[in-house]
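The first chain written gets the first letter, and so on, giving A, B, C, D, E, F, G, H, I, J, K and L; residue counts start at 1 in each chain.
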């Protein structure tokens, strides 16, 4: 049985509450329940933090045993070399996800420090992007 | 019945023939046959050209009637404002796909003129990326 | 009798069809008919292509015999050194035209590779810009 | 009856006196007389100053009542955010004119702070450019 | 009764202890007591952390109920897109404060990622800046 | 009795007349009357000019005797080294004010040549910013 | 018997006709005849196009069987990542040639996207450069 | 008796576990034991965290009483102005250490925000660099 | 008898009054009297203004009849294309002077828009620089 | 009889000794003997120095009498304006040669200060490049 | 017995004579004597030159036989690609040393062309840095 | 009796021989004889070298005893940090001279590494500039 963890970064705890125009109106927890139902043969877990260090700790914790990490690092995507180094240090493949199309937003959101250390990137598909990321890890 | 077209840009006619280390060993035509089998309820078609103008012509031709375009514009991704304008001009949603993880390659491959006009971007998953793109358009 | 040719570049075949907010609601063919009526003592012709190479071929073809070229190269304005070289190579004067005020749009539309080899530039006046360009070439 | 004002910026009082290779041999006052003759149904006036502040004052003075402003701000084109703000603040449409083809000159002349707030830009046609600008405002 | 919270970022716990030449000799806690006395009709509270994540957590916690946030994010001002996103996500207005005149210091202190999402910026007035910020929120 | 002068730069004579969405609907003269009433123990005066040179002359005139200058140099903020030098040359402290939040506008408005020579900067609080600036100079 | 193909890019069909000061007065076809005479033991062929796509098609066509390609891509040298990718994809060695000394011309001609994928570069020797390129491929 | 603390930043808890090609095969804890043996007349302590805030807290805690800090801030070296400010705020001298030669790696690792506030920098000597740093602080 | 005019730009009316550390303690008027005594066979005159436009007007006025202009444009040196154009437009040779060594000051003072249109530049010699400039024009 | 001198710059005395992967395994002296045999009707000489000044001295010495200079300035190619000026000052034509394809190496090797003053550039052909350069000078 | 050579670059012959605030008051020769005493089992030698070429010659001379080179290239650190190439060409490990903390000085001193080819870098420890470098080479 | 030395850098030994359009037709030795005659109460000497190291050696030799150095470092002006450091290290004041107006030439000649360490700069006055420099040092 595959073990996949979804890690969300800063401000993503407010999904469905704020800025619905950009991020949609669904709370992530609700979406996650539906996702678990869809992939009931997979051990899916979820972690969110606004602390860069907590995200690094979590990547270290699961990054040598899980089968895949789906990572939406939010704004840390564009500033955190430390998370990038953490991804490079672990063996579990990481897929970078963004809910919105970051390339249609401010220029500082066009560059990802993480992407080059990830398996791949999926952006612009709303919460659906998480499902595509899980699918890509399962190669279903 | 949905109509989706896959458009491949320059040098992608050599897939499976050359630079297998980067792009894999499978010819796109073979992959496309398998994809059609998997999505037999979808009208899938395929177009490849090394000519920027031909790709624009094709986007114009299908971009007001098809249900989705999966576009791997190859090197034109990084240089063609004209294709970017074509994507903006049509009504069919376009998903940008790259076989390799472009963020792990030369810096000039990190920037896409097309992405901001597309629905979303999928990169780094090999030929599998085309399937994810089709899935994202079908919201299956 | 003067011979003047209007050359339109990529995506301008969609004038009047799409993005009317930026480019207006009139098809270029209709405008061109009106223009020919207004300048019935001038031999006016029209060429459009989405292919950079076809535009270069056309400039070569008419650029040693016509009395003027009115060129709206669309997105090629900002990317095509090859068209810029073609303009420099021929003897017919070329006037660069843009329908919209490119300086009020994205930064990449502010720079023209062609302008320095042209006689002059006219932008922001809608389709009316083509008439001003013809007038400037006729010095009426 | 339409009211249009031509505003010339720094050093343009020397037209026809100096640097004839770039700007031509005709004094602007002589050209202006001919222009008034040609457009005798239009109330044409003319203002020149080497003072940025005086140009702003003039734009404020006429910018809510005149039907059009033809502005050749000379070197202020490339340095004056204050004139750019003045153009944005008034309601009269402004057409930016340059006598020479600024894109064929020094790089610092390629950028205009004013253009994005103007209706359009005309450059490279010598004094004829002023006539084209008046014509564009009258849509004759 | 208005509720306003002052949030101080990294190293500001050392105010009055170190680098008095730049930041002054008063401890923030002492200043804060005086401020509460001056605004005894306002519910003023104070939070300081050297942890970016803790500042984001706090903004989330108070950002939908408080009447104003006075934020001196210290060095995070210049590096934290995540705090900038947090400010954009909440509804409480935020005023950015700096004790020193950051524009008279190193270039990297001239740019704020936060400012564009704040109501306004006050800098250079020493601890007095906090009082001005509170005043601006109360519009007294 | 303190003497404080407010100096407004280019286009600010149009406050309350134009671009009310950005700058508000109140004329500065009306606001200034209210401000004088509020600070009736202070000798407040007001000067506005669209001429950079006149602003420098005024700073020289009052800059060795007044107790404070509140300066909103408008677009000159971003272009005038000469005003910056004038501020550095005089002994009266200068507070830089902007009505709008310049950091939420075009990039060229993010940089101030003046700020590093001023006592401090206040921006984004509408006309209220002038009052905060006066208050900061009086340290009331 | 060796097979070598010379590929010329945009505007090089005008060699000997225009801009003789830069490119010389000889037509390429005449030069090519002389070259074939000199290398009568080599199978020399020639291709010219103003179409980027046609050049890519030709590189694909000959790039797995010919013994050498001499490529003067003209202005595409400085803009075409797609041709650069084509050179990288084929197995035939490519020598980049420029007739003029591009380093003594405009800055945008100093950078070649193609050079890093070629065997070597020869520039500044007029049409003679083609002969040197052929010689380098034959290692005569 | 001297008190020196070694502070390691993000991902350095994985030393000896991962990326041994870059960082070597020894766990830091083992190295630290050997170091303590070598310097048994010195009070050596060790702290590691993946949290920027925790590192700042620790620098504040020891930075007014310890005799030296040896700091390998990992990726925070290149992104953390807040740690740089913390170093400037304390009185204990700080020596920056890197295990690998950062100048032979990616360009973003060439710049240190911390170095200018440190006493000195030692890089490229593997774990040995920590010993050299301790030696430099003891001036043995 | 030679006619030479010295033109001083913004803030130079404060020479000898303020910032004596940079500009010296002598008023320019006093220096000028001494200079006239030294060069009693030369018609020396002096003009100062804080208005860019007034400086342009003055250059136009004397620039076709005087034998030399000594110009210290102060901060306008670094910002005024309009003065640069005025220098290019007149026939009198202009020598650029700076009292301080501008290359040892802020980076924005290292670039002069005027220098390329002047005969030469003299900087760093205090008021003595004016005498050297006069001497260079007289070639005594 | 033609006189041609080959000048090699810094570190090229180690050819054939070190970094054979980049520069090949043949000592330059051996290659030079073979080259002299091949061109026995030409007076070929050779000079190598690691001193920029010595190379300039040599260019001055032979640059008004020799028929050609073949110059591989090594790393000075990318840093020495003084050698570039020397090439411009003499009358003998200079051909720039590089053994490796510098465009496939580090970015700082892509720019040559010398190239614009040379007749032409040949790079990427190993030691064979020297022969091509001699051939180009002899136009054999 | 180990052989280590210390090479000092331009202006370091003035150590202890000039700019003692930056470089200290001890002459290098005196320091070197003390160092030799401390490492009497090591064959230590010393070379200084203001000539880039002489430094390259020396690196070539000792770089295949010595056990270590301690190199303080002074200003050549920031400008000499030729020395960088020399370091890459030899087999003896090189340690880069700087007496002052170059990161706390002018920006152009922050970048080293040499560092990436060296074993490591030690800076900011005064003359003590040379001892640390020797120690690092001896791994004592 | 004052002792002043003139130091000329690379290629200036060719003055009067080559590129007379830029540098004039007089040999420096002839000019120097005239200069010595004019300043017969001053001990004037002259040194020229194409070697950066030799110029540094000479500055060290005379820089603690001579009364002034007139330095035209030629192309080293724009590339030599080592000469800049030498000027900073000595106590004799140095005046930088350029024969041509470097600001009217290529952009790379606009920046001087030396100027900030010199007393002042004189450029554009031909050989006359040396006399002005001597005069400035003598304050005659």
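Going forward, a contact is a pair of C-beta atoms (placed from the backbone, for glycine too) under 8 Å apart; a residue touches a chain by one contact, two chains touch by 3 or more.
Since the structure is predicted, the reported quantities are computational estimates derived from the model, not experimental observations.
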Chain hops separating subunit G from subunit D, counting only touching neighbours: 2
Rotation angle (°) superposing Cα atoms of subunit B on subunit L, nearest 5: 180
Option in C-G, A-E or C-D whose residue-number contact pairs overlap A-B by over half: C-D
Centre-to-centre distance between subunit K and subunit A (centres being mean Cα positions), rounded to whole Å: 48
Chain centre separation in whole Å, for subunit H relative to subunit A (CA means): 31
Intercentroid distance (Cα basis), subunit K paired with subunit D, Å: 63
Multi-chain contact residues (two or more partners), subunit L: 51-54, 79
Chains grouped in pairs wherever the two touch, ordered by label: A-B, A-E, A-H, B-C, B-G, C-D, C-G, D-F, D-I, E-F, E-H, F-I, G-J, H-K, I-L, J-K, J-L, K-L
Parts of subunit K lying in touch with subunit L, wherever the complex brings them together: 9-11, 13-14, 18-19, 49-54, 74-76, 78-79, 108
Subunit B residues touching subunit A - in the complex, by the definition given at the top: 101, 103-104, 110-112, 115-125, 128-129, 132, 135-136, 139
Subunit C-facing residues of subunit B, complex: 51-54, 56-57, 60, 79-82, 84-86, 88-90
